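One structure, as structure tokens, below. Some questions next.
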Amino acid sequence: MMNSTIANCTIHIFLALVMPPLLLGVIGKTKAAFAGRVGAPFLQPYHDILRLLRKGTVFSTTTSWVFRAGPIVALATTAVASLLIPFGAHSSPISFTGDMILYAYLFALGRFFTMLAALDTGSSFEGMGSAREATYSCLAEPTLFFALITLSRLSGSYSLSNMLVNISFGVWLNNGAALLLLVGGMFVVLLAENCRIPFDDPNTHLELTMIHEVMVLDHSGPAFAIIQYAAALKLFVLGAFFVHLALPYATGNPYLDWGLFIISMLELAVVIGIVESVMARLRLIRVPQLLVAATILAAFSTLLVIR
Amino acid sequence: MFFALQGILDPGLMVLVAAIVVGCAGVPGLFLKKPGTGQAFAAVATILATLAGVAASMQLLFSYTTITYVLEWNLPFGPCELVIDPLSAFFMLPVFLVSAAGSLFALGYWPSAEHRTTERGLTFFYGLLASSMAILLMARNGVFFIMLWEVMALSAYFLLVTEHESNDVRRAGIVYLIATHTGTAALFVYFSLLAAQTGSFLLPAAGSLSALSPFATIIALSAFIGFGAKAGIMPLHIWLPSAHANAPSHVSALMSGVMLKMGLYGIFRTLTYFYDPPLLWGAVLTVTGITSALFGIAFAVAQRDMKRLLACSSIENIGIITTGIGVALLGVSSHNTTLVYLGMAGALLHILNHSFFKPLLFLGAGAIIHATGTREMNLMGGLGKGMPRVALLFMIGSVAICGIPPLNGFVSEFLLYLGFFKQLKADSLVYLVLLAPLLALVGGLAVIAFSKLFSSVFLGTPRSPAAAHSHEAGLTILVPMAFFALICLLIGIAPQLGLHLVSPAITSFYPKLASTELSVEYGAILGRLSLSGALLLAVAVVAMFLWRWRLGKSPVTSAPTWGCGYKRGTARMQYGASSFSELAVSVFNGIIRQRIGRPKLTGLFPGAAHCSEVPTETILERIIVPLFTIAGVSFAFLRRLQHGQMHLYMLYVFVTLFILMLWAH
Amino acid sequence: MISLADQLLVLVLLINFISLGTSRLIFSIRAVAAQGVILGILPGLIHPFSWHLVGITVVIIGVKGFVIPQMLGRAVRSAEIKREVEPFLGYVPTLLLGAVFTALSFGFAGRLPMLPEHHNYMFVPASIATLMTGFLILTTRRKAISQVIGYLILDNGIFIFGLLLAGAMPVMVEAGALLDLLVGTFVMGIVINQISREFSSLDTSLLTSLKEE
Amino acid sequence: MFAALIILPLIGAAVTWLIPFDRLRPKILSLFAFAHLGLTIQMLSFTPPESPGGWFHLDALGKIVLLSTSVLFLTCAIYSIGYLFYRRERSNRVLCVGLLVCLSAASLVTITHHLGLMWVALETTTISMAPLIYFNRNARSIEATWKYLLICSVGVALALIGLYFLAYATIVARVEPSLLLDDLIRDAGKLSSGWVHAAFVFLLVGFGTKMGLAPLHTWKPDAYGEAPGLVGALLSGGLVNLAFLALLRIYQLCLATKEILFFQNALIVMGLFSMVMAAIFMARQADFKRMLAYSSVEHVGIMAVALGLGGKAIFGALFHILANGLTKGVLFLSSGNIHRSYNSKSTDHVRGALRRLPWSGGLFLAGFIAITGSPPFAPFISEFTIVSSAFIQGRMLIGAIFLTSLAIIFIGMAMTVLPMVMGEAPADSETTSYRDTIGTVGPPFFLLLLVFVLGIWIPDPLMTLLRDASALLEVHK
């Protein structure tokens, strides 16, 4: 038993360390496929990160220690968050009553520093980006909490591991409506939080309408590598959360479950890729409306389960 | 007046003496000729008294004891008891700590050498304010309570109008004075009705009154108005933003960090009287609380005056605390000890936290004003270079007040969240859980507000010459800030300590909780929390070292920020405070209102134009002021009765006579 | 004797009407003087003889009948005004009101719980009627002098009632009251002089600068 | 002993009339005032026996009023030294004489138990004050004097009818006719209620006019507004209390006649009406002396309400006699200084008094805080006692109206006072020769000190005095 937990932890950490960039690769590949291109190899993101790590760094003269702190904190928060969220049917390494609140607020911390780092450059573009980031994430916050409430109600527990692992087809059969609404809401949050289309276009760099990418314009070299990795990890962590809701299949066998988890994460990546290739960016005015809509979905699901 | 002592020198007496010393600290300065000595003396005396007072309060707090003195007075309002129970002792801590830090801060921020005319009064009333609050916490005679309450309010007023040459300050002062006096009128009703209930002006013992008794509702209502107005709960907050913004910063720190809490203390105290509070009370507190939290922080987002922003966020935090109290009260009404415990713990701990990080931020604001001479955030920027230490401490404060891990603000909100979530398993009041998303929204808005504050002040390039020539603050300014920052970190990393601090107060509020294992259970949970906090720091440190190592290996150059294609990007082109919050304001339009002055651009080459966005005080400007105008008009109409026509005055006399005759027969 | 007293009281009432109706200040001052004299006589008619009574009579006649009218007359002369021009309420209406008040006071006096032996006296109705007359003049006249006259008539009304209380009012108090009246009127006279100097008129409608605007 | 109390000021009046030196008179005045206070204290500590015939009797009620009047008078007298130094342009003979005559009459009011005599004394105070109001010798002051004189005289005349009614009631009741308070109280049971009621009404209106209860207060703002500061102080801190004492005597009588209920209700109604009126008229009051006048209307109302409430509120009313009188002294004297310095009573010109006259401005501010019932000042004690007893008696509506008008009044006064004392003095304000001196600042400061001490600690003798006095006004079961 003890060994199994240790094993699970190692696998968990290993996955968290290694897998995230792969998702980006898969997304890219999917989009290329839709565009009828061959596209970059799956492992391209790894190459990018490694190259960036080896590159030199340029610091803007206007920046201060806040600028340097940004990437570090972003990485640290996502890393800790990845330890709180269960992968597949296995409970997470760290799990205690109320850890979901910590989970939600860790992202806030990361965001806080990313925004400050962007603003530290004194560039009007990056200011623009962080202003948007602040507003949108603030709108996305309640959705996540509605989701947590629903799950905690369904599972009757107050820690991410239990409430997510608990989700199964049985639960779906009983509370299908609620979970469906939730999946809708959480998918929007997933896209918004990771700055994917239709909220943001991670590929462009010089458009007045970007959020995340524009905030990191002045980061370069290892710092940028850290940011890229942190972003991927964030996608992975939130994705894991989403996968629990959307694809809650589990066999009794731990190793099989790990496999299933990896597969479903890849499926998720593919789905995101499809969405990104079939949808266009929303006009900025529409973004808040979509986020609020997501909140409403989640709120309805909550009401369905607690009434 | 002398004290009929029971027992010899004991912690209670020590607290009392400390309070009195703090009160008298400013007196010598009134008579000393040489500038500065009085101020320095006051600072030293206050700090020494604080050391004693805090130690004694701690001892009282952890020994769960209640000490009673009787103050010999001959006013016709019955005996005057001074009692220190854990609840009072708990509230003592912020009083002493903040006042001490402030008096030290004043040495650098309001040096007697530069402010000869105002410094004496400032120092004197500062001590008076602090000590009146400390003694207020012990007062158990309603009339004595009101006296101290008024001394507190008035000395706060005199502190606030220190710079009464400025119009804003005077206006803020009048609004504050009117608000607080109206609140006091409510307290007149409150204590009178209590006396009508108990037959004496001594405050009733815990759990001695029934909410079903006649007047109980009026008592509760008047308490809510009287104390709520002081605490700044919406919609009684009208005085708060301008008052906190216009007072000298260490005064703002004391007002916001401690004086608001006196209102909350009053509410706590009132709630202890009743053994059967109806659900309605808890509901009212919860709703008003969460409303003030949301609206307060929404207003904060829109502000452009640094200290106004902080003041609005005080409204928010008070709202959060009130929500906690309300939830706890609902727990009492529904006999749900977990809810009581978590609500109380959250509220009390947040009181403590807020009275640490809010003063920290206000003192920081003071340091900034001292350096730049303005409160307008749109004129700052780039101060992080000039004053890195202040920036660091300010950053800690901002993170803490946003309720973000791993700092103390998160801990108290965490407890509240737990309380909400636990309702999912409760058999009643399940819907309380819906407070969680609202609180989350508040948190998100707080992040906007404080990233706006920090970035527009410390980051980027200076937007005005004043900001360009900023200088690092002196020790007397940095030490108090650092002290608060350390406490914030400490409680953030070791939240169990915080829980340990509040549990005596909780039990004195709700004795049934004395024996439960809840404190143990949640202590353990907070232990896990602190572990993850430590882990976070560890990961960050490791990442930092790795990065340093990489930086060492690869070339590091520095260049100007990429100008987005503009050749000559000026500082004014940065995202300023207003532009940063513009999107949020537009999204939350309706809650936040702004007076926007847009210039008319005409012709092919319009000349220089000016655009301004001023956030409005919705309730004050839309409701109170119009009401006053209406009253003024109608009064002006009635004033025609005094028309100077003598023969009609005669008529008044005889008509009165006639009416009275009719009435008599 | 009672009948004589009553006739005198009727005279008092008549004087009331005169002072209500006339516009000539000197004339109404004389009327008030006459009223004072009558009031001076009255006690002698209803109370048995005593030196104390004589003293009172003399003093009253002296003060009310001569000193005070003298002072007022001087004031009028120094102010060089002859008549009360357009009062706030015309003469005819005031007269009518006076009549109504007098009637009412008779009706009202009938209801009062009085001593049986006082019932057939006219003292109470006359006093109330005079009171009301004074009040009417105070509230309708423009000239400061007229208002003083109103005050005096009011005082006379009170005095008439006082006649009913034989020994209740000690001499000292009576004297004090009279003295106050005297000094009061004296001061009023001075004030009137000042007014006429300041405003070159005694029109109190000019005295309305002190008010809330 | 009694005679001394009355003769002494008269002698003083004669002396001040005779000496020709303007500079010397105020000093003589203060000298006699000092002697009077000494005599007062002497009589307070060793109460002289009731005079034969019971005309003179210094009971607890009289003592309180006598004490407050004497203290206030002494302070004003000393203040007059410093004040009149700035008014050398005109003779102060009439002023000093009038003050002393008024003092003697006032003492008479406090010590006599014969209602008729009391009436005479009251009328005397009224008349003796008239020339003082006219001190400034201008059109406005003559108008004020005229209104004051005529309205008050008419009012007091009505009071006289009331007394006659009382006397007649005794005759009707076939008891030995008398206007001695003690006799009346003794025979109160037998008096016929019709006459007694009428008497009460007339007396209430009469003394109410002298006190300035709304709507009989119309003379007040004019008189207070135009009179010099120290006269205003004596009017609002002294004469008001005398009239109130007269009401208290009537109240005692009502208690005896068991007709008290009507009288109490009438008092409450008129008191509340006065407070409301004061509130209305104080809002946006641009003339700070008139504002003080309305504040005096308010406090008269407070006392009336307290008397009407009875019970513990009586104590409040009696203590308010002292508290209000002394605080009004502070306000009027300091406002007089401010008036001197700016040579204007309008808040349009008076700004930044704290900078220009730190002492007078500070005293005015403190007086404002005190008079609006903020601790730690004496008026708080009385006002809180009154409000709380209203609520403890369960008379919510009265308490509510009371508190509301207090709040409105506070707002109104704040709007007037704070701009006066705060900020910078306007550049165009004319500069006068007036400077704060110990002579002009000391007396109000002393009064403020008294007000403060009484606000936190009532000396035991005073306490017993107050208790005895309120015992006189308790309902005898």
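The letters A, B, C and D name the chains in turn, as written, and every chain counts its residues from 1.
Definition applied: contacts are C-beta pairs under 8 Å (C-beta built on N, C-alpha and C of every residue); 3 or more make two chains touch, one makes a residue touch a chain.
Values in this document were obtained by computation on a predicted structure and should not be read as measured data.
Minimum number of contact steps separating subunit A from subunit C: 2.
Shared contacts of subunit B and subunit D, meaning chains that touch the two of them, come down to C. Between the chains A-B lie more C-beta contact pairs than between any other two chains.
Taking each chain's centre as the average of its CA atoms, subunit A and subunit B sit 36 Å apart. Distance from the subunit B centre to the subunit C centre is 70 Å, each centre being the mean of its Cα atoms. Separating the CA-averaged centres of subunit C and subunit D is a span of 31 Å. Each chain gets a centre from the mean of its Cα atoms; for subunit A and subunit D, those two points are 79 Å apart. Residue positions of subunit C touching 2 or more other chains: 138, 147, 204, 207-210, 212. Among the residues of subunit B, those in touch with two or more other chains are 639, 641-642, 644, 646, 650.
The residues of subunit A never reach two or more other chains; the list is empty. You'll find the chains touch as A-B, B-C, B-D, C-D.
Considering their complex, residues 114, 116-117, 119-120, 123-124, 127, 130-131, 134, 138-140, 142-147, 149-150, 153-154, 157, 160-161, 164, 167-168, 170-172, 177-179, 192, 194-195, 221-222, 225-226, 281, 290 of subunit D touch subunit C. Of all residues in subunit D, those touching subunit B in their complex are 146-147, 150-151, 154-155, 158, 194, 197-198, 200-202, 204-205, 208-209, 215-216, 218-219, 221-222, 262, 266, 280-281, 283-284, 312, 315, 354, 369, 372, 374-376, 380-381, 384-385, 387-388, 390-392, 394, 396, 399, 403, 406-408, 410-411, 414-415, 418-419, 422-424, 456-458, 460, 463.
Across the complex, subunit C meets subunit B through its residues 88, 135, 138-142, 147, 204-205, 207-212. Listing the residues of subunit B that touch subunit C in their complex gives 639-648, 650-651, 654. Subunit B contributes residues 381-382, 384-385, 388, 391, 395, 399, 402-405, 410, 414, 417-418, 421-422, 424-425, 430-431, 433-434, 436-438, 440-441, 443-445, 447-448, 451-452, 454-455, 458-461, 525, 528-529, 531-532, 535-537, 539-540, 543-544, 547, 550-551, 554-564, 569, 571, 573-575, 579-584, 587 to its touches with subunit A in the complex.
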